[in-house]
């Protein structure tokens, strides 16, 4: 059987159920996918991440909504929209933000085209001008896989009108075996709108998760993002921000930690397309066991985007002989009146601090955990939602009791 | 005072300002009218055989070339660099050109065509030892004109120290065992598209061997000049520093001003054995093309040093002001334990110049250490990219890297980009990368002008200050030349 | 007349700061210009030195009879005007010596003289540096790079001693200095006093005037000189503050 053949069979079955009008654009996308296949490492954007193994795999589509009890992941005080393998779960309190349909992108390539060919609807959060979401919205994506590997592909939309405000958590959680999920998000922030966006990823070891967020910020809009990767088999997350109008501001913090043998690839791209934009990117990685961490940050300052103020910081602690870090903080600058800096470090836990703590009677593991927590704290502090922060800290095995102030 | 770099800097800035004022922009842009023996354009196995025959090469070397050529045919030109240019038509280039008067080969420098000597005198490269001795320099020079070496100075003095410094084609005959052992051992014949092309058609370059425990008694230097129209220059340099030896090598390049693009695809291989040290400095001033981007050299170069022995050290210093397109990543393979790699670079792009340059530091040995200091200056419509790779393999216990990468923008039509790849596979390794991008501030400009210093000179001064960390790594005479070049290259960038 | 300012109006980013300022300075005189924050003192210094971003909308400045406003800042400097900066600028990598030599030679070239001999120059600069207690080692460091506030101000005075200007404008050179540093700076200014050389001290405090005796004191407020007098005016300002001016 030739490569990608199982996908063709799946697509044929899927497309047969569509009307001719629905089918046409999806067929274009699918043929683009067949031409390019899954991304491979000869592509600069996929230099350290290769999905060609999936060319030969076979995934069944997800069938029906599961009534299984949900893992204990729902956060107090939040409205919830829950998807189990792509299907809305009855436990959702905010099903009104679900849409069965989605808009398709222009003809794409690779995994983008695969998603567009099969994509089902998903979250559609649209807030009118000046509206504010009273409670944070938790969108939980549960992946379950037992038996035959399955796949699901969804497209989502968040659109905040001028002056609108919302807090949204994109919560990816998986249990079981092999599974492929792709999620594409389009985010539009109106003038002076504000979005606090969290993304927590704790997929199963057999899970392949590809997510992509494209966000466009209008004048004076603000996006605060915190992203945390805690697990997964192969995880690729693209965050593509366009500061399209003047005065827009994006602050993105990220942590990848605790994973055991994951391949975690974060690509963050911030395009300053207008003057007076501000962007901050701060990523930290605790890379342990057999994890391969990839980070690619890119700041592009387009011609005319004068007075851009941009900073990119990436720090990694490599904790194991089998682990690997590949970091690439790019700058592409086409305007002269800008303030841009970036820094990247890879190192280890401070051995002096470790022995200092042990000399005070603290056992090695606790001392180590304290230092790991201290390293991660910069990012954890950015999580302003207490219940969410507690959950992340528990997952990291870095509870608050470990807090220490090395400088004190 | 006379010898202090500051005084020299002021002196230079002054000279350069005058030079600029008299519009003698690319002063190396003259053409030497000399009869050349040139192979017709085109590349084929026959051409390679012809080059090999002209150089009277042994069979193994011809086979090495042919192997590379056959592989090259299967390769594609790299496109990942942040440059755009019209692709080269490899069949329109002549792969061999030598001045006719060289045909029977001058036996000594006295037999060299006076026109050639005049060319080098104009460029400030004295070929006669007595001229050199009269000056302040103490540098042995090998000079390559198009495809051949036209002379090497101080050979005798070097031989007394056991140092071999001669054209590579001569070394093939006189020291075949060394050439055979090391050629292609650092840059494999199929390393990349341009290296494979070079391996197939390389015509000249320098060969250096420093014996065990020897400190080379003087600076060694090769001066490259492309003169003939429609020729490419494919030089190949091989430097071997045996155990405990030390050498400092300088490389300079110029080409005449011509409307069409010319290709320069060189390969430089350095081998440092146990405790040896090689310092390699380049001042690259190939013709950059005119203000509208017509003409200029395509500078596609593979330079790599292998710190093969423990405690060895290779240090690259480059000042890149010329060429229309630069694609160049002088690299260090830090194989020996405790070996050290350094890369200091100033690269300037003005008008329509594009440069994609940087380094690769591959840490293999324990406690290997690398330092990268890159200063990129973009002016006019120039595009300037730093591309660097720091790779720390699993075996690189305790390896360390520090990278500082700064860009300076002059004007709002240019671009400065940074692409630093870092790959770490050893948990005891430490890596730090810092980068900044800025422009010359209005405050700095006004401060200088309020002290009576004109705009152009103020920019020159500030830019030189920005590059100081790199210039101080250059041998004195080169540092002076580099400052001059920088100022000349910046002409027209202000105001 | 060395400097003659007539009906000077100037603005920065659409905001009019100087509104009809008049000032005449004869050779050998020391003038102090005092006034509250925001009165336009620094604007005046910058307009005389020719800083970009300051637009003169009316009036004139004549220096030794020539129209100063038509000249580039470097030409003004070469003609003998020196501005001591309120906030001296750092220029990393460019040594103090490089800047001094370039500045002196620019001046000499302007006057049709040959370049200064390096050895004589170094000796000369070292002598001047001693006067303002600047360690000769600092001369090879980057211009103001990593200097303390006091060192920066002394470095301004050193530049002035080396350049030997005809008109010295010192913009708040005394601010942020302790008494020892203030004495050093004052000694430097006094050393250059002479019949052919004039000084403008722009300051907020009377303290400097205890060490550098002015011939005239002017009060600058709301964009023009509102009062002029002798040294006694400075004392009066010290006692009364600037508040009474607002009422006046």
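For clarity, chains are labelled A, B and C in written order, and residue numbers in each chain start from 1.
Just so it is clear, contacts are C-beta pairs under 8 Å (C-beta built on N, C-alpha and C of every residue); 3 or more make two chains touch, one makes a residue touch a chain.
These numbers were taken from a predicted model, which means no experiment stands behind them.
K.L.:
Based on mean C-alpha positions, which chain is nearest the centroid of every protein C-alpha shown?
P.N.:
Most central by this criterion: B.
K.L.:
By mean C-alpha position, what chain is farthest away from chain B?
P.N.:
Between chain B and every other chain, the largest centroid distance is to C.
K.L.:
Approximately how many whole Å separate the CA-defined centres of chain B and chain C?
P.N.:
Here the centre of chain C sits 48 Å away from the centre of chain B.
K.L.:
Please tell me the distance, in whole Å, between the geometric centres of chain A and chain C computed from their C-alpha atoms.
P.N.:
Centres of chain A and chain C (C-alpha means) sit 57 Å apart.
K.L.:
Can you compute the centre-to-centre distance for chain A and chain B, using the mean CA position of each chain? Integer Å is fine.
P.N.:
That pair's centroid distance is 44 Å.
K.L.:
Using the touch definition up top, name the residues of chain C that touch chain B in the complex.
P.N.:
Where chain C meets chain B, its residues are 49-53, 72-74, 76-78, 82-83, 85, 88-95, 97-99, 101-103, 105-107, 110, 115, 118-119, 121-122, 140, 142-143, 159, 163.
K.L.:
For chain B, which residues count as touching chain C in their complex?
P.N.:
Residue positions touching the partner: 1-2, 4, 6-7, 9-10, 13-14, 441-444, 446-455, 457-458, 461-462, 464-469.
K.L.:
For chain A, which residues are in contact with chain B within the complex?
P.N.:
44, 48, 303, 306, 316, 318-321, 323-348
K.L.:
Which of the residues in chain B end up touching chain A in this complex?
P.N.:
The touching residues are 80, 82, 392, 394, 407, 409-439.
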